[in-house]
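Listed after this line are the structures, all set down as structure tokens.
There are two complexes below, and they share subunit A, which is joined by subunit B in the first and by subunit C in the second.
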Partner chain A sequence: MTRTRKPGISRRSTLALMGAGAVTFATPWVARAQAKTIKVGMPTILSGRVAQLGTSSRNGVMLEVEKVNAAGGLAGRQIEMVIRDSKGQPQEAARVARELVNTDGCELLIDAEASSGAFAVHEVARDLGVLCIHTNSETSSLTADPKQHIPNAFRTARQGVHDSIVGGSYAAAIAKAKGLKKWATCSPDYAYGRDTTGEYVTYLKRFAPDVEIISESWPKLFQPDYTEVVTKILQAKPQALYSCLWGGDLTSYIDQANIYALFTQMEVFAVNMADYTALTVVKNLPKGIHSGNRYIKTYPATAENAAWGDAYKAKYGEYPTNWSWENATAIMLLAEASKKANSADGKKLAEALRGLKIKSPFGADGTVTMRAEDQTLIGYAIGWGTTIPQEPYVPEVKPGDWKTILELEAEWKKSKGYT
Partner chain B sequence: MDLDTLTGCLASSACLVTQTTSGFIIGMLLFLVAVGLTLIFGVLKVVNFSHGAFYMFGAYFAMTAYQLTGSFALAMLCGAAGTALLGLIFERVFMSRVYGRDVLMQVLVCYAFVLIFDDVVRMIWGPEFKSMGMPAAFQIPPLFIAGGVVPPYYLLLIAVALVAAIILGLGLARTRIGKVIRAAAHNPGMVSALGINTGLIYGGVFALGGMLAGLAGALAAPVRSLTPGMGFSVLIESFIVTVIGGMGSILGALIGALLIGMIRSFGSLGFPLFTEGLMYLFMVIVLVSRPTGLFGKEVA
Partner chain C sequence: MTELQAEQASKVLDNSVTKSKPRPNRDALIALAVFVVLALLPMLTSSKFLLDFVIRCAAYGLFATSLNLLVGYTGLTSFGHGMFFGLGAYGFGLMMQKTGVAVPVAFVATLAITFVVALVIGAICVRLKEIYFAFVTLAFQMLIHSTILSWVSLTGGDQGLRGGIPRPPFLGIDLSNHLHLYIVSCALLVIGLFLMHQIAQSPFGYTLRMIRDNATRASFIGIDVWRAKLTIFVLAALFASTGGMIMALFVSGAYPEFAYWTISGEGIFINMLGGVTTFLGPMVGTALFLILNDTVTRVTEYHGIVLGIVILFFAIGLRKGLMDFVIEWYVQRRERSGERTS
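Up next, the complex of A and B:
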């Protein structure tokens, strides 16, 4: 008996086709990997209260993408950025990230979300296996916690613990020199404010053990009026005040504290002051506020950094933010990694990124390194100085010492059970 | 809870003066916003959810006028007059169409305008936050009264708000227009039958409410950062004030706003982690014991 084949597609080949289709749809970036341009997806915050930072992230990326494309692209493939608004909502950030990869065919992700969104996008990267660079989240655990570790996710943002070590040691030196023992804190009441203040105080007390926190204030995020917070601090009569308020909240606070002459009555340490978004907005910036550098074109005091800040301003009409340099760094690293790997393939890029050291206008010694062990950026310029009301705003920055930072960071990781 | 600090403060004249004026500042600005809200509700029977937007526009108008002219007085005037005009147009073109409709319909229209107004501000002034800056005349050291710290600008702010409260109270109680407004609140049909243009009254009241919120925004502009959406948190507190004071009562709004100011000011000393909660707790107590609010029976 002979078996006759019916014309058309057999059941077996239908199944095979369906299977192939399913694989293709499930991992679309594989199917599109040979396309000439390479699409890079970028969820960020383009509307709402922190839209300014999202926009500055986009600008930072675009400034560098244009240079990379002009120089031939990533291993010969022109970069096409696909940038979407997450509205600052974590679930939206995750949805957008997934859509960018699965529907738009993006082969790489630049996650320009704040911390809340970054953790959500991180899970998408874990799920899809696509190369993802977190550019804005400073929450240390994102890369420090081994539970979060995935081989395809990197971070080019600063890290909270680095800032706290440098800020704490800087403040302790001044506390010792000026005899500042009574301290107050005033920070926004959410995860970032609480964590950053906690870490800062830990290192301040470590370097200056006789410091005592006599008053704490936790105003709401985006609180319009700080009068009761200002007067409470005045009543407590501290010798120094630490705050990690940022953006519009910080400028409101300064305006309101200014008319109570608070800044003449105590030393003020505001980690987020030295960012152009705040520096250029405050009309009566008090002299002598201690601040960490966020982005400032005069620190590091190199021609490269000044040129980068000026080029950004010439193109976008305003100075870069902290988020701008962190995003620009992601593109700079990708460009170097693609040269090293001679490929724009996500896996090969990830391999090349591990331990990659590149020349950078934002490096403490002119270079930054993507540390291999936890895939986060080190060696970036980090320091503290005091403000003046006009440019260059923070004329002298005392640099943090990366040797100390790395030693204390290792100790901190151990204390957290991460290593 | 930090009751030692609170009792320590109550025993010290310096602390009492500082915290009481601090309570007045918070309270009086809140009063200007809340009184417009309560006035509009009293007469028009509409809960204006978009009221916070007038506070926002007042601040932006004042900042722009200040940047263009450098005159603080003109900035305040522009903040108040600009929002009055905006209120009038908003009421005549949109709100007047939803009077007597389902409450949900009114709320939806107002909420739509909260979003629209925020976007309008974003388009005109940009999404980033702005600061107007303190006029040079007020960049002077604070006064020390009985050891307490009182910034001169805040004295002006309290004075302006008090004057507004007095003019409003007397105007409604003593003048003919005030009587017509109160009559329209009680029985608009009768007022209309007497040949008085109620549409004009409604428009006028809405403009007045908008103007007061705009004035609050203008007065706050030198010390608060300006950003699209800035009216929202002020609106929430204004609602608490009107619930405590009683919807429709001007005296209630004044007392409610000052109470909230004092709760924030002294609460931040004694209950630093529960200052917000204290405000809501007080509102709940008032709602349970007097559901119409402290002065709820009085109608504007």
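Up next, the complex of A and C:
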């Protein structure tokens, strides 16, 4: 008698399914066991259009974690990173963050999410009370708005408003020197693009009151074709152009604008140009684009910074990104805080982090500080320079003045009703 | 839904028609028992992961099951069902943040808003058939998504609703307590499923099946097809909106992704996994989908490939959902035992 296979689920596969289910739910107990190592959870974006954000954040973190572990870890406990993909979806970021703490037993969180994901993780940190360091979100309100403030969340990323102040004052100086009065803007159409451009223009006009914006373009995020935008700008005939396009959008824009020789007809200020992700990808990098520094080996022009950039390149085969230094800084700060507190406990670390000043290759004066009042990073290298088509790409960077930044930031906070 | 699937669906459903009558009392008892089991779960285990999992199951489960009322029962393949999920999340979140009313008031008010929006959108969409219906629902979804993105002063744009959703305690229930949130989510899930089951088993539910199988015939025997379709469209939207509210409470915020087409896509995928021919198919699909998602993302960052292969396997290989297999297997077994005894 032949045995025919009946369609449907066999007893065996039912058992297998139930087994799989049991494993899924039993993992929490397995994860509890170790206490000697300290697990640090890191939700980030490892797939999709901005996967580079996640991979270069991870690289930056791992480079430093290895050093910390070699030196004995956090108060004697070796760091074990648990890095997981959120796919850039905020509800996944929240879920992953909760899972990392509740199931995997992570005692600290490095939130390497972008924009909305960072706010979702922030809520998880508020709910669970776990120490959380935001490393990629540059949205000023995350730390500036007192409604967002929680004692256990910090930020080691640059802040939008700092960028605008430095960018605005740098551009105003050039505008005055060269008589640039008619300006155009071209930025991606989402919160970051709109806010950053708005603040930049505010400070530009403040330092150079006779500047006038004659054309605004808002291409969609991840737009493939910029012909329309480029021709619109050319027709408006501005003397200068500001853009906060970034990554692949910026490089496509430059490649396409090159065809129309846009860069010979006006001064271009692109805040996100001086990052290796853009510098190394553009086909013919025009000379003389003004850009803010993101991560560049040449600024701060110190041996430590150059060595850090080279070590990163030697290990991962590419230069660090803006995200790399921001994430590396989180680990550096944690390491110092654990020394100061002589503990790896989240609450004690948070206490030690407030107001902590550490030596850093990314500091404007060789140090960075975790400001106590709003728990965000200050004193990092921030400045503007112009591009050349080959390495070192941005040979000279004019540093921003932190005294001015802090004064204007305080004023900005007041105007927003934050203080 | 293809004709083949529809045929299978009617076969399975016919089976259940001949053997079961609508029994609201029995359903209510089962619902109560399920709720009690779920409510006792936290006493048996300290796993917060399991509680999170059930809360997410409640959110996605209500959403997917309500989608099945359209796809499986009425033959309306909506590609834009996620808009009501997003609407629920934003409506509830905004109401709690801006007005500070009590949770039940915000809940009911959000349902009322969803009702109005679904009525307007439904009135336009349900006149259309098949691909046209699918695309117009998709278009409305993108309209709502774009509105959320551009109305920055109200919705926070692409950053979402920030600052957390306040949850003042009501009737002794404090939703900022995770256990309370869990119990409430379970209650909403069970009540939602119970109500949807009553709808599906009611004469109205059978009218829907008839419309799915032959709308012309239905209208010839005096059924107002447009009105019936509109009614189920609005009802399904209300349950999807409830799912969205649970999600908003879970993440303590609302994000534009909740109203994006990918959520609708996930809903369709869940229905494919679980099967559209049985009432509980989407619920099984939800559990399967979430387990799959959670385990795969834990293991690899190339989860897209894995999930893609699973979709292909279900769509091309199996051509039906998991619950369909279970039912078939059950029916066959009963037939066999029937043969033996006779």
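FYI, the second predicted complex is superposed on the first by the 385 of 419 C-alpha atoms of A that agree within 3 Å, B and C clash if a C-alpha of one lies under 4 Å from a C-alpha of the other, contacts with A are read in each partner's own complex, and residues count from 1 in each chain.
Methods note: contacts are C-beta pairs under 8 Å (C-beta built on N, C-alpha and C of every residue); 3 or more make two chains touch, one makes a residue touch a chain.
What you see is a predicted model; the values in this text were computed from it and never measured.
Looking at the shared chain after the overlay, A:N102 reaches subunit C, while subunit B stays out of its contact range. When both complexes are overlaid on chain A, the residue A:S115 reaches subunit C alone and has no touch with subunit B. Judged by the touch definition given at the top, the superposed model places A:S47 against both subunit B and subunit C. Overlap of the subunit B and subunit C interfaces on subunit A: residues 47. Within the complex formed with subunit C, the residues of subunit A that make contact are 6-9, 20-21, 24-25, 27-29, 46-47, 54, 84-85, 87, 89-92, 94-96, 98-99, 102-103, 115-116, 119-120, 123, 126-127, 139, 141, 145, 147-148, 190-191, 194.
Residues 47-49, 51-52, 55, 216-218, 220, 222-225, 227-232, 234-236, 247-249, 251-252, 255-256, 258-261, 277, 281-284 of subunit A touch subunit B in their complex. Contact residues on subunit B toward subunit A in their complex (touch as defined above): 5, 9, 15, 18-19, 22-23, 25-26, 29, 127-134, 138-139, 141-142, 149, 151-154, 220, 222-225, 227, 229-230, 233-234, 264-265, 267-269, 272-273, 275-276. Taken together, the subunit C residues at the contact with subunit A in this complex read 45-50, 52-53, 56, 149, 152, 156-160, 162-164, 176, 178, 247, 250-253, 255-258, 262, 291, 294-295, 297-298, 301-304, 322, 325-326, 328-329, 332.
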